[in-house]
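Next come the structures, one after another.
Two complexes, one shared chain (subunit A), two partners (subunit B, subunit C).
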Partner chain A sequence: MTAHIIRRILSVAFTFIVVSIIIFLMMHSVPGGPFDANDMPVSEAVRAKMMAQWGLDQPLHVQYFNYMWGVLHLDFGVPFQSPGETVVELISRAWVPSLILGGSGVLIGAPLGILLGMAAALNRNTWIDYLASTLATLGLTIPVFVTSMLLILIFAVWLNWLPASGWPQPNRWILPIACYAAIPLATYARYTRSAVLDTLNRPFVTVLRAKGLSERRIVFQHVMRNSAIPLVTVFLPMFIGTATGSIFVEAMFRVPGLGAYFVSSIEVRDYTLQMALMLLITFMYCLAYLLSDIAYALLNPRIRVGGAE
Partner chain B sequence: MNALVRLAGIMVAATALSAPVLAQTTVVAPSGSTAGTYMDYMKTVYDRGTGSELLQIPIATFDKEFELTPMAAESWTQSEDGLTWTFKLRPGLVWSDGEPLTAEDFVFALQRAATSGYDFAWYWDFAGGIRGWKEVTEGTADVSTLGLKAVDDVTIEVTTVAPKPYLPSVTSLWYPVPKHKVDELGDDWALDVATIVSSGPFEIESWEKSNNSVVLTKSDTYTGPWSPLIDRLELDPTLNAPEVGLPAFLAGDADYSFLNTGQVPVATARYPDGIRKNAVFATSYISYDLDAAPFNDVNVRRAFYYAVDRAELTSTVLKDIAIPAGSILPPGYPGYNPDIAAEAVFDPERAKQFLADAGFPNGEGFPEVEIWYREEGGYNGAIVPAMAQYLQAEFKEVLGISLNIRALPGPEWMDGLRGKKNNIFIAPYEYDYLDPSNFYGIFYNGGRHGYFIPEYDEIIAKADSESDWDTRYKLYAEAEQLMIDQGLIVPLVHPVTIAVVSDQLTGDGVAPNSLGFTQLDRLGHYFFTHITKQ
Partner chain C sequence: MPLVEIEGLRVSFRQYGGKVDAVRHVSFRVSEGESVGIVGESGSGKSVSCSALLRLLPATAEVEATTLRLDGVDVLKANKEDLARLRGRSAAMIFQDPMTAFDPVFTIGHQIAETIRAHRKVGKREALAEAEQLLLRVEIKNAADVLGYYPHQLSGGMLQRAMIAMALSCRPKLLIADEPTTALDVTIQAQILQLIKRVQAEFGMALIMITHDLGVIAETVDRVVVMYGGEIMEEGAVTDVFEAPKNDYTKTLLASLHSRFEPSKGAPDTVAPALELRGVAKSYHTRRRSGFRVVQGEFQAVQTVDVVLPRNRIVALVGESGSGKTTTGLMAMRLTEPSRGQILVDGTDISQLDPAALIPFRRRMQIVFQNSYSALDPMMTLAQIIAEPLHIHGLGTPREQTEKALNWLERVGLPRNFGNRYAHELSGGQRQRVAIARALILEPTVLVADEPTSALDVTVKAQIINLLKQLQAELGLSILFISHDLSTVKSLTDSVVVMYRGRVVEEAPTERLFAEPQHPYTRALLDAIPATNPREKRLRTFLSADEIKARTPRYTVIQTGSAPNAAPQLVTIAPGHRVEAIVTP
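Then we have the complex of A and B:
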């Protein structure tokens, strides 16, 4: 187990370096730079001055090593988009709203999805199952900006129960959280339904039934635990994806979050922030899969001892 | 009894104290862009903090009829030879920290702009024509050689390379920079609400950098013209998109919202008195690389000029959001010449003839070309992509040629235009100051498009420095005729923005001007100081 974890950590470090090189090269291979002309020509002297000020006049490999040396010391530089603060300060400021809204969305959506999925599986081919499947399909197929628009229209414009958008008053959190919850809810409902059905059909359940265990014990003690593995696999990546903010949800609900920075940093060639965000995401996904691996091992002894099914 | 009197006294005092709080008016408006680095218009224009311009007092600005109104300056005079302008500041102007605002702060603003990588530096050469500007920005001359001088605390002298009869209107984008703050903190003075000082009608209360929204309050130190009638102003760029702005408006979270084409009929039916239109002083046009085939042939360019049905374009795909453009100048803009604009007709036969004269009868043998446009939001974002598709179909139908379309991010598009990496572009341009020289200048001596037409340059140079308006008007018309004859551009459309305004918002700012247009935040100094809220 320990050797397994060490191996995984080494592979995480390797992934991290490879990703950083790829992102860095891709970022600089995109034409244009952060201080290019917008509407009218910028004089070469002016542009050169700006580039020199940010160290962008140095050879690429020097820029890369300088940046990564900083990263090792948790110094991700200063974002061109917000010169008054460091990248770390920017991310820690902008991440809070995204984490609150996206995180709550997953934490609320996922358990509801599990309940819905279980209800569907245990009542297969009844109206409950059909309703759950319909909800899950809708949740996965309707784009979030449409969901946002509908929620705003119903709850803010027609019923006038909630504000349409904005930050930071908590009553403004409800609609975006509901919006964020839709995808985890739908995903979990589908995963849970198929995982539970799959487990219910396995021979050990028949054995348990033959032994006379109550259906409730079979479901809650045995079926759920055995259905948990696929659910664990999706949870952390989904949490990371959602809790780093969606540009659509944040734009529709006017949330000053991290989501927009993923796009704007590319658009305006904000190299420092772009690198930091990508490295952050890489690191979190690596960590998520590492944790998922450990969780697997705890749930399934066969993985723990390295055996195959 | 004594206790009762005391209690009554306390209640009266409490009411008196709470009255101003109750009466506070806050206006929430869509304005600005979501990207903002410095709250300093003289440091960056394209990435400025929202409301930077409302925090400072310009030398002069425009009212809703586009009359130039003195702001920081009380008066100005031009020297005999036309090369030197003297601006007299109003006495008693102060910064919000109590420091006096002097001519030195205005001169310093431009000296710093010329030497520190200001992204709007081109304006002061192209529009201002300030002596030495080009040399100083290019690093070949010292800043002391600039044609700028603070003669005393209230007198500024500006020397230009040639007579600039319209210089006062150029100064509508000249704001002071607090030299005492820059001496103390450098450029960082404009990064933190605690260190930002203002000289304009508003002060800053808070700034959310993640989306560049701000809360401004009425300044209590401002002594210039146009004091605000409201107490607080929330400017939120995230409300700019009509898809976000209108729902917020309907829910009572915003005081006005811009509308997209789909929203116009709905909002008009529901708020017939709340609809406001603004013909933006802007033009979308086709430009070329004049040196590259097939557009190095004037016949090809003229064929394109006559192949566009602007009336159909603006009554179908661009309904409500654009009007036909017959010239580079929009209607109502100084120097606009209706006779010239009337030449831009849709004439498919003539277009076909020009193309045949160029050696491509019915488009046969014409190479495949790709038109490049810039991806952006705002009114251009609503107009340009749809227009590109329309042109694609139109050119196929009328000229029998294949036009591919490519959207590029701003800097790449600009790089392509400047570097002549493609041969045909859709270019939008919005005015910066109110004078024909603004629009004609973009094709002058290289300008924005790398056009070098000696004949054109000669007329423009003459027109720009001419002090007699009628002569100027004729000269600019001559220049535009030359553009048409040589097919330098194809004027396509002028954008129109439509907004819905809450009936709680009143005052001159929301009342249409004599042309029937309401500028809203496009003339921020006027608008935000001329609205009240019930």
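Then we have the complex of A and C:
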């Protein structure tokens, strides 16, 4: 098992390095540069001096190693959009709202989705099942900007229960969190329903009934444990996807989160922030898949214990 | 008062468009300690009746009965507590496929202890200690280790033993065994049946044995209920039913046990045999991880096998799962590439031919697989499926191809208008007929039949065997018949090749092999065949792999004409009879 985990870590680290090289090369292959004539009208000599000063005249691999050396020391440079702070400062400031809202959305949505999916599977072809399936389909098909507008319209405009938008008072968090929760809830409801139904149809469930176990024990111990195996692999990647902020939701609710920077850093050619965000996302996904793999192995004895005698 | 009392049982399933009766007018009783068999084909309602007794049917089932009592409890009125007591404690059940009957994420020990603790107030440690004792009683030697094993770490036979231990854990008064050996090899089947009989006597339980196999009935029970189409056809003492069946269906069923053997007609070899395997072997590279090291290994699936399939003859390739018989069959077709050796079709070596050069030979050799459902494309009509080989080899116009396909439907005993149907609309036997038609439409000289009847019911199996026999004579086919079912082999094939652990250990004309088996493995295999007469049931002794090895036969140079060798080798001891033996000076 330890060997399995260490092998996974090495393979994920390798993936991260490969992706970082690809990102670095892509950034360079895109036309344009930081000291292009139309952005910065300076003489050729000054430009060459600036390029040399920033190390941009060196061969690509040297530039890559220089950059990654900085990354290792958490030095991503200064964002062009906000030169008063470092990239790390900007991200750690802007990420907090995204993490709180998106993270809570998944942490609330996923368990609710699991409950909904279980209720649907255990009451197959009843109104509970149909309601759950309808909710799940709506959650997956309605775009978040429509959901957020609907939520604002109902709860802020008509009912006047909650503020429509803003930050940082906790009562302003509720609507965006509800909005973020929709997709994990819907996804988990669907996944759980099919996983539980799959498990319920397996022969060992009949055996458990024939042994005289109570239905509750069969469902909560055996069926849940087996159904959880496919479910754990979805959780962390979904968490990362949501907890890094959505430009739509953050724009609708005027949250000063990370989401907007994904787009703006590309628009204004904010190379340092763009690189940092892409590496951050890559790193988070690598970590998420690593942890999912380990959780999967822990839950599944076929992997944890290995082959037959 | 009888332990089980079923009177006027009717089970129907709600479906789109109404209810379908699965079981009607079923009545029978089982007394304490009695052994009763229920025999019937799939869909006869034998399992449904017993599942109704423990209320294990899905929610779509409707159960009605004048009386349905188990251990004094009215099953239809039973509440949750009654049910929990009935299941496991009054009656315990063993199921068909032990590989899927255990929850894969918990250990064997956990699952047995859990059963004990569901019925009695005992601690976890105590329950585990009891589980270990139970495992010892079902002849699992390393019981303490097995407690900590997960289901995937054990073989099918071991799992079925553990299943029996679990069923025994609450000392039930009735043991229901639902096809407990169908998924197992013949030798393992014999061991499990004997074990079931032993624990039944030791624990003083009644037994209901549900099976499609009359041999299992003859071996294990005193009274038998014959079911067909959801109704009871006949009931009586097992000797009476076997010796003087009253019902027509029972007669057909019994007739399939005693089908007579007729040797294949037609001259054997003219110039060369239809198919010959010379020194064919298959090994696979294995990579196993141990810690950080990758251990490279080689797994010998088939070690240097020689098989000759003469023209107009049917040769059986028998052995248990993992013996290499299917791999050998696939190599003969070059569907699996052999690691070594030659494959001769009509005297031509095809083992080195490139794909284009192989095509004309593909016309001469065809294959039929075990699982007819997955062997037929669900998106194609039967006419398309049967005509496809003609299309592939560019024979005839599309109209002629279809016409020929429809003719072949008739030839395999299906109506022509089935041409527009799809595979899922057919029964297993009908699908296997389609697979045979597809294989034979090219009029090949060689047919490899890989367990073509093992998924079929007894009476259907007999029909397919007759069809193969008839087509063999009509077309002058040579058939390599791969099977683990020795009774089928006995009634169909001219000679038998026995494979064991990737080697041929014995080969002889069928009658001679059954009469004078020489190799200990062949003997074990033949000994494990269930009796066809309930008066012939007996206790068996089983050989371990080491004992089989130790009993390798010995012959002298004079007897065999082979050079002396301490290592076992295949020697000829009579015309057509070869056996793996040690030759002494």
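Here is the rule we use: the second predicted complex is superposed on the first by the 273 of 309 C-alpha atoms of A that agree within 3 Å, B and C clash if a C-alpha of one lies under 4 Å from a C-alpha of the other, contacts with A are read in each partner's own complex, and residues count from 1 in each chain.
One rule holds in what follows: a residue touches a chain if its C-beta (ideal position, glycine included) is under 8 Å from a C-beta of that chain, and two chains touch if they have at least 3 such contacts.
In this text, all values refer to a predicted model and were calculated from it rather than measured experimentally.
**Q** Which partner does A:H222 reach: the first (subunit B), the second (subunit C), both, or neither?
**A** Once the two structures are laid over each other on A, A:H222 reaches subunit C alone.
**Q** Now for A:I294: first (subunit B), second (subunit C), both, or neither, which partner does it touch?
**A** Neither subunit B nor subunit C is touched by A:I294.
**Q** In the overlaid three-chain picture, which partner chain does A:G212 touch, first (subunit B) or second (subunit C), both, or neither?
**A** After superposing on A, A:G212 lies in contact with subunit C but is clear of subunit B.
**Q** Between subunit B and subunit C, pick out the one touching the greater number of residues of subunit A.
**A** B
**Q** Looking at A:R254, would you say it contacts subunit B, subunit C, both, or neither? Reply first, second, both or neither.
**A** Touch status of A:R254: first partner only.
**Q** Between subunit B (first) and subunit C (second), which, if any, makes contact with A:F204: first, second, both or neither?
**A** It touches subunit C, and subunit B stays clear.
**Q** Output check: A:I281 vs subunit B and subunit C. Expected answer is one of first, second, both, neither. What do you get?
**A** It touches nothing on subunit B or subunit C.
**Q** Which residues of subunit A are in contact with subunit B in one complex and with subunit C in the other?
**A** none
**Q** Within the complex, which stretch of subunit C touches subunit A?
**A** Residues of subunit C touching subunit A: 54, 56, 80, 83-89, 92-93, 95, 97, 100-107, 114-115, 118-119, 149-150, 152-155, 163, 166, 170, 289, 291-292.
**Q** Residues of subunit B touching subunit A in their complex?
**A** Answer in residue numbers: 34-35, 37-38, 46-47, 116-119, 121-123, 126, 134, 137-139, 187-188, 191-192, 208-211, 213, 236, 238-239, 241, 243-244, 247-248, 250-251, 253, 409-412, 414-415, 418, 429, 442, 448.
**Q** Show me the residue ranges of subunit A that touch subunit B in the complex, using the header's touch definition.
**A** 31-33, 35-47, 49-50, 53, 80-85, 90, 93-94, 97, 145, 149, 152-153, 156-157, 160, 163-167, 251-252, 254, 256-257, 260-261, 264, 267-269
**Q** How about subunit A: which of its residues touch subunit C in the complex?
**A** The touching residues are 3, 6-7, 202-204, 206-214, 217, 222, 225-226, 229, 299-302, 305, 307-309.
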